[in-house]
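Going in written order, the chains are labelled A, B, C and D, and every chain counts its residues from 1.
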Amino acid sequence: MDLLGDPVRKLPDRVWRLPRQEDDETAGDGIGRILALSDGVFAIALTLLILDIVLPVKTNDDNLEQALLHIWPRYFAYVLSFLVIARFWVIHHQTFRLIIRDNATLVWLNFLLLLFIAFLPFPTAVLGAHEGVPAAAVLYAVAVCLTGASSAAYLWYATGRANLMQPDVRRGQIRAMRARSMSGPVFFALTVPVAAFAPYVAEALWIFVFPLARMSFV
Amino acid sequence: MDLLGDPVRKLPDRVWRLPRQEDDETAGDGIGRILALSDGVFAIALTLLILDIVLPVKTNDDNLEQALLHIWPRYFAYVLSFLVIARFWVIHHQTFRLIIRDNATLVWLNFLLLLFIAFLPFPTAVLGAHEGVPAAAVLYAVAVCLTGASSAAYLWYATGRANLMQPDVRRGQIRAMRARSMSGPVFFALTVPVAAFAPYVAEALWIFVFPLARMSFV
Amino acid sequence: MDLLGDPVRKLPDRVWRLPRQEDDETAGDGIGRILALSDGVFAIALTLLILDIVLPVKTNDDNLEQALLHIWPRYFAYVLSFLVIARFWVIHHQTFRLIIRDNATLVWLNFLLLLFIAFLPFPTAVLGAHEGVPAAAVLYAVAVCLTGASSAAYLWYATGRANLMQPDVRRGQIRAMRARSMSGPVFFALTVPVAAFAPYVAEALWIFVFPLARMSFV
Amino acid sequence: MDLLGDPVRKLPDRVWRLPRQEDDETAGDGIGRILALSDGVFAIALTLLILDIVLPVKTNDDNLEQALLHIWPRYFAYVLSFLVIARFWVIHHQTFRLIIRDNATLVWLNFLLLLFIAFLPFPTAVLGAHEGVPAAAVLYAVAVCLTGASSAAYLWYATGRANLMQPDVRRGQIRAMRARSMSGPVFFALTVPVAAFAPYVAEALWIFVFPLARMSFV
């Protein structure tokens, strides 16, 4: 374990050492609750996206049909963010299949990811309510880019010095996982200037690159 | 496993192969998190339906009783959608009892179902706020029909070439499951034209056919 | 198993029989997902109660303190409903510890309970916004009474002819559980007329009887 | 077990004794559902915080950028409360790793904690909407202080007479855990007067002491 990277263990080492050693054998328990909490946050973030789809307050029975069609940017934002969050869950799922130990740093890096995942419904709401506005598109690109960076962060930590992975994961496999974990944040970072000057182009890039991306990285 | 149907495995085969082979033996783990996420989305979709039951803003202490009775279409839509989502959960529950392997295509087909499940609170809100309006009833019928179609999609995939089922599930059983999985989407597709011309008849069909349907299919 | 009480099994018996028989041995799996979904709905219903605590729209920095104190009925309703839902969870937890088999009727009786649990945030919101109004208090009493009745319903079913309990649960224990399961709905039914004529008395009864009730029944 | 501290067991002892004795061996089951419910409430509380980040109703496409920057207190409150709730989850996670038995008092003390955890989105919303207002800062400090006190309460109970811990947890370790569990509530109690007279100083204390606190206690 990485003693330097885990400040919790520094001072009260005397206190937690006993149960921690035992946990090494029942590590699944500790990781189990991390996954339960993470799955909860992912599931709720996915489902709260629907709260961003609302009809204008002036909608009545007569103009309902027009109102339902008029809010198409909200449907678009819903589908886009659903796919984005689902993608991050798939990466989380595949990475944690290979992780067999946890420590405080991993827990807090995971919370950093969850902080951004739970944040995504807000940029989604802004994008759905202000389609084609540069500020909305830039906010969205930055938010997903930061989420991707924090997703890469826990992966790099777990596969690095901390050595929390299964022993039979090969070096080449780890190198490939690390490289691919950068593709998401880099792609969204590159679309930030596009979003600032041509918001619709950025939105098209996000939704059309997605199926291709599914093939070339995780 | 179905190599053609699983694009994720195409390019980075070298990278993920090792853990995937091991996963075959601990497949329950992988499916366990898929079920945890799915149960989360189902539970939240069920519970968010209550947010669609709201009193008009002009409600005060004096007209509270009338206001509570006046929003009966919202109670109706709540109960209807609760039963609809519960039904999809029961099908999910019974199908995944028989599935022992997962792959990327199954994960994404399951996300397609969850995308529609998480969407249902919106048509429910529209139906509750605009009872008897064709656009609201058509939206509801189309949304449930698409949900049913995506529910059938993962079932057909899992029982087809991908062969993700328990080995002792018989051929006749699979044929019956496949046939019954079509009954939900076909029924709601048939009510789309009814909803367009006689919304109240469609609503009555949905709520009255439900107990009968419970007997004739899953 | 109770064939009459389980309509799902009637027609497609041929189809589901094989896996169901196997499930008897791995019944924990089936019940596990029922509990996961139920815990999700309970947790979300508990947490959504906070959305009922809102400040009036005309609140500004100057009158914030008064506004925070003025909404005390909303804090009261929050605490009351949190305790009520927590109580139903404890009963659910204790009952399902003794249940080792499930069938379709139990699943749907459990959904009936969840339908009412998920509904409780609405009467809570009405009670918090219209304190001292008979209609709000009656709605609340009726809603909790129906929740309690559906909680008793699955308990009576599981301990009755369906025989889903552990074999070593004694007859006297089942009689006592059944009797106690009626105390909640009967108590709230008795407060309905009180709520109609003296709403504050009913609210006092609910909150003060609670700690005593904890001693005399589950 | 602590008979006096567990009122549920008083009267109906005859009824519950049999299954409870058996539960001692499968205690993980009982604790498992407590953790599942708790993780659900923690996950939802974390994710509902995003609902507190909303743009003013008068926001349009032209002033969107200014509006997004202008609501910085809401981002601040979001991050602060996310870290606070995450901290309570980490303490919960570490404490329950050492608990191997449950009883009714532990369940209700845990519900007391969850009642305050689920409440935190409200003070967060008030803090985000009324930054620099003493009433908002005092409400926040009091709410977190009470949450910390209830977090300490279940820890003191479980490590005290009730004796619900693993037998190999040492006396010194328990003393250290008890001492550290007081640091959170005491710190937030001390910031109540600061919040009343210098709200911004209190907010700075909360966010800056956090990383240091991570080193000196759990």
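Please note the rule applied: a residue touches a chain if its C-beta (ideal position, glycine included) is under 8 Å from a C-beta of that chain, and two chains touch if they have at least 3 such contacts.
All figures in this text were calculated on a predicted structure; none of them were measured in a lab.
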Interface sides of chain B and chain C: same vs different residues, half threshold: different
Chain C onto chain D, rotation angle from CA fit, given as a multiple of 5 degrees: 90
From chain D, the most remote chain by mean C-alpha position: B
Inter-centroid spacing, chain C versus chain B (mean Cα positions, whole Å): 24
Rounded Å distance between chain B and chain D, as computed from the means of their C-alpha atoms: 34
Per-residue multi-chain contacts in chain D, two or more chains: 36, 39-40, 43-44, 48, 51
Complex interface listing, chain B residues touching chain A: 7-8, 10-12, 14-16, 18-19, 22-23, 29-30, 33-34, 36-37, 39-41, 43-45, 48, 51, 104, 107-108, 111, 114-115, 118-119, 121-122, 126, 130, 132-136, 139
Chain D residues within the chain A interface of the complex: 35-36, 39-40, 42-44, 46-51, 53, 55, 61, 64-65, 68, 78-79, 82-83, 86, 89-90, 93-94, 97-98, 166, 168-170, 172-173, 176-177, 180, 214-218
